[in-house]
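Structure first, then comments.
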Amino acid sequence: MGKAALKSVWVFHVDSGSCNGCDIEVLDMLTPYYDPERFGIKLVGTPRHADALLVTGPMTRQCRRGVQKVYEAMPPKPRIVVAVGSCASSGGIFYDGYPIYRSKDRFGRDRLRSGGVEEVLPVDMYIPGCPPSPEAILFGVAQLLGLKEKKMKGEYYTDKETEFKLPQYPIEERIRLSLRESLKKVIGYFDRDRVLEDFMEIAGEANRAENPKEKLHALVTGYFLQEKDSRLKFSMKFLENEYWRLKDDYENKYVALVETHVQ
Amino acid sequence: MEDVKISYTESLISWKRPDLRVGVPVTVKYPLVPTEKPPEYRGKPHIDPNVCIGCGACVRACPADALTAEWDLENGLKSIVSNPARCIRCGRCEEACPTGAMKLTLEFELATPNKEDLVEVVEHHLTKCKKCGDYTEFTERQVEKAFQILPKEIVDANALGEKMQLCRECRMEESVKILAAQGRIIGDPLLLPPQHAKGGEK
Amino acid sequence: MVIYLLELSLSLFVLGAISGLVVEYKSVMRLSSTFATLASLALIALIVEAYGHLPIKGELLGTPIMIDGLSLVFLAIIGVVGLADAIYTFNYMDKYEKLGKAWVFALAYNAFLASMVLLVTTSHLVWFVFWWEIMTFSAFVLVIWEEKDSLWAGAQYYITMHLTSTLPLLLAMAIGYSVVGSFDGMGFADIAAHIGTLSPGLVKLLYASFLLAFMAKSGMVPLHFWIPSAYASAPSNISTLLSGVMEKMAVYGLVRATFDILKPTVAFGYLVAILGVVTLVVGTLYALKQTNAKRLLAYHSVGQMGYIWLGVAIGITFMKNPDPTLAFIGTLGLAAGLFHALNHALFKGSLFLSAGAVEYAAGTQDLNKVSGLYKIMPWTGVFALLASLGISGVPLFNGFVSKWMIYEAGYYSKNFWFVLGAILALLISAVTLASFIKFYNSAFGGEPNELTSKAKEVPGSMLIGQGILSILCLVIGVFPVVALAIVTLPVGKGVITAGVLGLSFNSIYFSPVLLAIVLGVLFIAFLLFLPARAKETAKPWDCGSTLFPEETYRLRASDYYRPYEKRIGAFYAFGDFFGDLGTEVINRTIAAYVWIGKYFVRTAEIPRVTVENVDDLRDGVTLHLDDALIMPIVRFVKVVGIISKTAVVLVLIVAVAVLAALIW
Amino acid sequence: MVTKECLAEFEDKFKGEIREKKFLTPTQILYLVDKKDLPDMAYYLQYHPEFDESYYVMGIGSDERQLAGKFAYAPVINMLDGSGKRENFYVILKARLDKDNPEFPSVAQKLPAALWAEREVRDLLGFKPLDHPDLRRLITPEDWPEGVYPLRKDHAYNASPAGELQDGYKKAPEDTSTVPIGPYHMALDEPAHFRLFVKGEEIVDVDYRGFYSHRGIEKIGEGRLTYNQIFYIAERICGICGFQHSSAYAMAVENIAGVEIPARAQYIRTILLEIERIHSHLLWAGVACHLVGFDTGFMYAWRIREEPVMWLAERLTGNRKTYGMNIVGGVRRDFLDYRKTEILDKMKQLKKDVEKLYNIAVSSDILIKRAKDVGVLPYKVAKDYGVVGPTARASGRNIDVRRDHKVFAYKDVDFDVPVYKDGDVLARLLVRLDEVLQSISIIEQAVDQMPEGDIFTPIGKLPPYQEALGYTEAHRGEVIHYVLTGTNNKVYRWKVRAPTYNNLAAVPEMLKGYRVADAPLIIASIDPCYACTERVQIVDVKTGKVKALNEAEFNDLSIKASEEL
Amino acid sequence: MMKTMSISVLGIIVGVVLVAILPPFLDGIARKVKARIQYRVGPPILQTYYDLQKLFGLPSLRPTENKWFRVAPYLALASAFSAAFLLPYGKWVPVKFSGDIVVFFYVLAMVSVAIIIGAFSTQNAHSNIGGHREMMMVLSVEPILGVALGIFAFKAGTLSLSAIPLKVPASFSTVLAYLLLIYAAYAESGFVPFDIAEAETEIAGGVLVEYSGRLLGVLEYAILAKRLVLLWLLSTFLTIPILRGIALTGVVGGIVVLAVQLILVLVAYPLIAALEATNARYRIDQAVALNTRIFLLSLVVLAVAAVGW
């Protein structure tokens, strides 16, 4: 495969039983926003014309023969295989289902998470993601073309080498955790940390004051003036109430606990 | 109040794709210029080794077994192994993580010719059982964290400080003793986040 | 010398004919085809000898002989196709061994060829008709060779010939007699000399009767329905002769009659042209639909005869035109027609031989059932391809040159109708191509299936037969001068006397040699520059499916061009209607023949025997003690019966006609 | 409540067979019945005169030997009143089957819609449908050993026994050649194998082998995952209608738990469902253009899908496809205000773009020529096969789960359900484009009306061994999930019926008589999602025929009409 | 004498070399234009060269033993180039004779014939269907060409490719003949509504489905070259009648005409690309129906020409 191949790679797309999320993303990559044709990449309709296979899916038993046939139908050179998506890279969430093909009796729980396309074909490029966004696929393809260097490298940490520091927050950890948990109800897991951070900042300030309850209320009101988003306001309000509820609750519980213990 | 940092929502609103082209060819410039995903993106999960306590809540939450816990009871090691090759980016690990060590980053450029590159391991040392000398199933950090969470009063009241340092069998024995003595179960699940409670149960 | 060669050739044919005396089947076949081969070689020698000494007049067995340019063209056709066919027959007839009756074949085959030789060399109308009838009858005997299904086809052929060919010729003979007044004096030239004395009505009748006779023989459209079944059911070597040679006799007759006996008139030209165009369209479009190899070829014979007639028609219409350009166009047209006749003999002969080879090897004519023969019969494949490209009019093959001349003549005539004819001819040329892509590819393309994987390449003699014709297709395609030297004889020096003769085919005109050089050099250059490095084999790409029935993974012959055929479905519906009508008429006629024949002649009441195995023979003819001895007699009686039956009917018809004429 | 009198007649008619009647939810009725009259009951319900749009939804097979000592087979009928006068409801006819000899009279002999369902239970559970017209293997891989039934509880979820390759294909009819479309063919994004038996280019018969993407999802859900994790595998049943599946599953579980999820969560789900519908329909429109070689149409549709829709989804949920938004009791991420404005902005932009796409599609002469009168599916066949979604609506079926069963926030918004009567590919195209516009309007309304409040109601343990259905109207039609809870946060039986499952069975009917060139378009016109369906395989066209008398004539007419063009 | 000879030889060489190297370039332009219509950046202009270079460097697979399979692409390419020899370049024509336009179209048809036989040599229904579609296209387009030639024969009185543009008079029927010729050339080239034989989404590449590596490269080149040759013919037919005066004068005139021809081709290709981008593919029966309808209409045009308009 000469230099020209880097300027022109024709790909054939093979689905080995994927949920078609990846398939659509592969197709999506061909559309105006990503346009791999500018690197000479073209989707072709028959493996005979293809230099590379984009394989998606966890390699079901039913697909296995077909995928092998596709591979054999490609010209003997260069036969690049790209595993697109987590399923193709490792079997994905389906890795140990009964219709999934596995060579030998590998279970797919090893560190490499063996499974997927590599059970059948030699893979030249893994593009994990569920589904990998078109940019991610482009990145993989760009690597094949030599336009980009790979970014990932294995990471190995042990607790002895890293410095462990329990983060300190202005409020009690258990209350923080409870608030964090109940915040899921209000604003969802994604935004909760930032909201909680804001709240803790306020709460910390309030806790230093003489009358934390009033101070906190005042600060939250101030936050209301500054913040435009109704949901953040709503959750801030919720946090304020919840905070005091938990505190009180704990006091009561603790008192009860101590009492019973004393008994 | 007077800080100048942009508020959370403003930072989200102001985000723009860096490589967008304006005009007729709408094709983005990526991969010729770097790009980034929106802040809401769920990318490759990453364990912050400085914060991870090795509780394994993420492992239990993971539907795809992209996260596994490897136990080496001989050497007292527990490794949380993450492999984004299997990851489905559901974010349940992030949701479950009690310390915020597990985060889905904005990283999407995972492609690699070698799957070794994707493996991420965080190794933890286990505590030793005070009673029998075997390794317990708690990591050192886990114990430390537990003490941070639990109010001192409760720890003292239930002698949890002792119990945390025991292996499962020994703890069972202890519990049975106490149960027999008091006729009730100690510890309030309300005070522990459920995930953590699950993590502790194992 | 020339006459001597003719005598030699004929005596070799006679030797071949009587070689049936050797009883053993295979020996008879070998012997008779060897004699036929030698006779054909003698014919070719005759052509070489006669070239440049034309015209040659002489006498043979008391009949007047004249060999001119026109005869030479057709002698060449007989010689070349006869040669190839005779070599082919050497082994081919082994297929029919269990039918026996080798002596009949030897007799009929040689008589067939010999009669045609005599037909084109005689200069006497009576002998012309006589040899015409011998040819017709021997062809009939050969057509019904397989007996079973071919009997009906043979009957259609023979009775159609009676009514539309023999009868008009007899009529023409009668008119000729009425002009000249003696049988001896009925040479072509004599009649032509006296033609002026005829009443215009009779002249028209003469035109009509000649036209009808030759139309029927060459299968012009309303009278073409006998061709497909006759050609398809005859043995392939016979189909070759029927299509390659016998049909051309009609062209010979047409040209001879029009130019030597009658006068080429514009109206007659138009009539011939319309017939030609209609025939080429109908025949070829019907051929497009066929899936039986030989029926397909037979319909193409019809279509290609249309081309020839169109060419001849241009000649008839314009040759006598005072405008020298148009006269030249006419000459070009006639030359093209004759050239196409020669070419058609070559490629169609080769194709029928190939079809025969396919049938010989795979045992079927059905193109749906064969596939992948290229792998098994590479030589047959190559020859079939060459001939297919020839008939399709692909450049560098002979068909292209003659077709191109016809288009040229048509286009340059600047006459709307002839331009239209040329356009239709161009269209039909594409249809021919399509049809032969189907013929070639469904038989030779793809991978062998269950049926064909057992087949073997045919014996060498058959390959030689095909090879001679196919390679000639290519040779003439690249060096048309070779053939043009002969086909322009009648235009220049023979019967046709045209003033302008600018047919120098090398510089201002199409030069296939140049094209061949350009194409060949480029082709070889590409091959050398970028050699195909296809080393690894692979299975056909079946979309990755499992347990796939590979055998059905190809287009079947019946599937080709369906959308197109559907598009012109109205045409087919129309054609089918008339086809059915014609078949109905001829079937009724046959029934009438049989009925009348039965009434008059009761001697030939021999039960029809289907000879599949020995038991069949016994069923039919249990009385006879010795099959081998008796069967020839049975067959002989049968033949005599047919002759006498048909003769009676013919006589009756003639009598009625004469009666009617008298009353009128 | 369900209109009583309609069912009274049914109950009366089959008095002897009905053992028990149970309301799973107010609109889901479970009858425990004897297996003897199952076909008659199903037939009665599907062709109920008053519920004229009723259809057979699915057949649930389950191994309830641990619960009741028997297998269970349960056809589900969606009782729909086309006039909209009565409340619509689902009927589950659950029959218990013998544990040693799980035979039952086949419903498929009366309702072709049940053809696949019964082949499925045969493959996966080893049931024996008696008198089933075509019992070839449907779901399990071709090399799956006979006699091993993966969905039985004694089969480990990850056991994959090896077996011999078995030929379950139809023989090619005489005088035809075979043209395979797939498993790997440009026209199919996913593996599926259509064997077209053609004369020339005309398709005379079709064999279908699908289930290349059968990944054993239900079994993984019952085996490895907890009920909260199933969302993520449900989402990966299909990369396009993932959220539909996860919502339907959520709905089923929430029905079992008996909770009403917060209104805000319902609105968020609705918006996301509609976003998904938009991107799917645009995707489909693009693919349809691509299949007829109209690449600019393809690029246009995918461009407007990419920029407003996919990038919007990415910002709303963190991923372009698999949203990961559902959880039992609500959703996981909230729509902050800026997200709401973003939605409205993008919808405004999209509306313009879609209208332009509409114009491009309708003004492309050749595209219309290619789509008109091609792949006609008559109303009758659509009903017989229980065809759902836009495919059904293009054939004149006035069905839409969103409207008929008032799921999520659809009860609060106004929208039309476009219905076309032609039943050809063009009608399907137009239905989808209309639906995109409707979806935009739904999203705009939902964003406007979105209430404040929580997004999630926590649910503790699920009650064991309870069952319920959950359903949504996916882009391809009704998605329906059946859940039977187990102990330990696990699900005992989870059954998914994706819309393509019903639609695909009707595809061979649509293909016959058209040309090879039309095949990709016709196959694509139902917007097939093999990944969805395959949790399952072969349509027999010949044997599975229950046709209206004049259907053949109808087909002929439509073929002719298409030729005229 | 020697000088004019050498100049004309030079002209011919320039022309033929242009035809030899231009096709991928034009395809590159077309791809770029299409990409822009589709709001994309599109491939580099030279992309088709890269593609072909890659293909030429790859080995091919052999799905059949049939020799034709391997010979066909070369024959197609050789035919396409041979046809190019009949075209005028400026005022220079490599090969000319009376009636060569018929030969020209036949030689071009040989490109299709070679491809079709190659396609049919494999046991592959997709490829076969592609072949038979291609044949039907030839079948239905040929008569339209025939009529156009008929009109030229009427009006220009010649069938020589190089003489027609010099002699053709401006009249109603010749304008229509031009339209017919343009239509036929467009359809014959297999541009989008007529790319039925290679329909990737229907029959996975049709005639090309079994070809791989170098053979595919050669075949692609042949198809591209055929398109250019047809386009060059049209460009000649449009250019020379307009520049008739210049064309006949001297070397400079020849060069001017050659340049105009080239420019016309370069302008026409993007137009074709735009047309391709905005159309869907016909089904073969629709294409055949359209072509036959146009053929029947064209007969009217022929009658018009015969009347003398």
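When the chains are written out, they are named A, B, C, D and E in that same order, and each has its own residue count from 1.
Following the convention adopted for this analysis, contacts are C-beta pairs under 8 Å (C-beta built on N, C-alpha and C of every residue); 3 or more make two chains touch, one makes a residue touch a chain.
Not measured: the values here are computed from a predicted model.
A.B. asks: What's the fewest number of moves from subunit A to subunit D, given that each move must go to a chain touching the current one?
C.D. replies: 1
A.B. asks: Find out how few touching-chain steps suffice to connect subunit B with subunit D.
C.D. replies: Steps on the shortest route: 1.
A.B. asks: If I rank B-E and A-B by number of C-beta contact pairs, which comes first?
C.D. replies: A-B
A.B. asks: Find the geometric centre of each of subunit C and subunit D from their Cα atoms only, then give the gap between the two centres in Å, rounded to an integer.
C.D. replies: From the centre of subunit C to the centre of subunit D is 64 Å.
A.B. asks: Can you work out the whole-Å distance between the CA centroids of subunit C and subunit E?
C.D. replies: Their C-alpha centroids are separated by 37 Å.
A.B. asks: Go ahead and note the Å separation of the Cα centroids belonging to subunit D and subunit E.
C.D. replies: Centre-to-centre distance between subunit D and subunit E: 48 Å.
A.B. asks: Once you find the CA centre of subunit A and the CA centre of subunit C, what distance in Å lies between them?
C.D. replies: That pair's centroid distance is 78 Å.
A.B. asks: Identify all positions of subunit D at which a residue touches two or more other chains, and write them in rising order.
C.D. replies: 142, 177-180, 183-186, 191, 198, 201, 232-233, 236, 299, 303, 307, 314, 318-319, 322, 332, 336-338, 515, 563
A.B. asks: Out of subunit C, which residues touch more than one other chain, so two or more?
C.D. replies: 536, 538-539, 541-546, 553-555, 559-561, 563, 566
A.B. asks: For subunit E, write out the residues touching at least two other chains, lowest number first.
C.D. replies: Counting only residues that touch two or more other chains, subunit E contributes 35, 38-42, 59-61, 125-126, 129, 200-201, 204-205, 209-210, 213, 284-285, 289.
A.B. asks: So, with touch as defined above, which chain pairs make the list?
C.D. replies: A-B, A-C, A-D, A-E, B-D, B-E, C-D, C-E, D-E
A.B. asks: Under the touch definition given earlier, write down the residues of subunit E that touch subunit D in their complex.
C.D. replies: So the residues of subunit E touching subunit D come out as 34, 37-40, 125-126, 129, 192-193, 195-196, 199-205, 277-286, 289.
A.B. asks: Within their complex, state which residues of subunit A touch subunit B.
C.D. replies: Spelled out, the residues of subunit A in touch with subunit B are 32-35, 38, 86, 89-93, 95, 108-109, 111-113, 115, 118, 123-130, 132-133, 135-140, 142-143, 147-148, 150-160, 162-167, 172-174, 177-178, 180-181, 184, 189-191, 193-195, 198, 222, 226-229, 232, 250, 253-254, 257-258, 261.
A.B. asks: Quick check on the complex: what are the subunit C residues that touch subunit A?
C.D. replies: Its residues touching subunit A are 536, 538-539, 541-542, 544-546.
A.B. asks: Tell me, which parts of subunit D touch subunit B in their complex?
C.D. replies: Listed in rising order, the residues are 225, 229-233, 236, 303, 307, 311, 314-319, 322, 324, 332, 336-338.
A.B. asks: Please output the residues of subunit A touching subunit C within their complex, sorted ascending.
C.D. replies: 46-48, 65-67, 69-70, 72-73, 76
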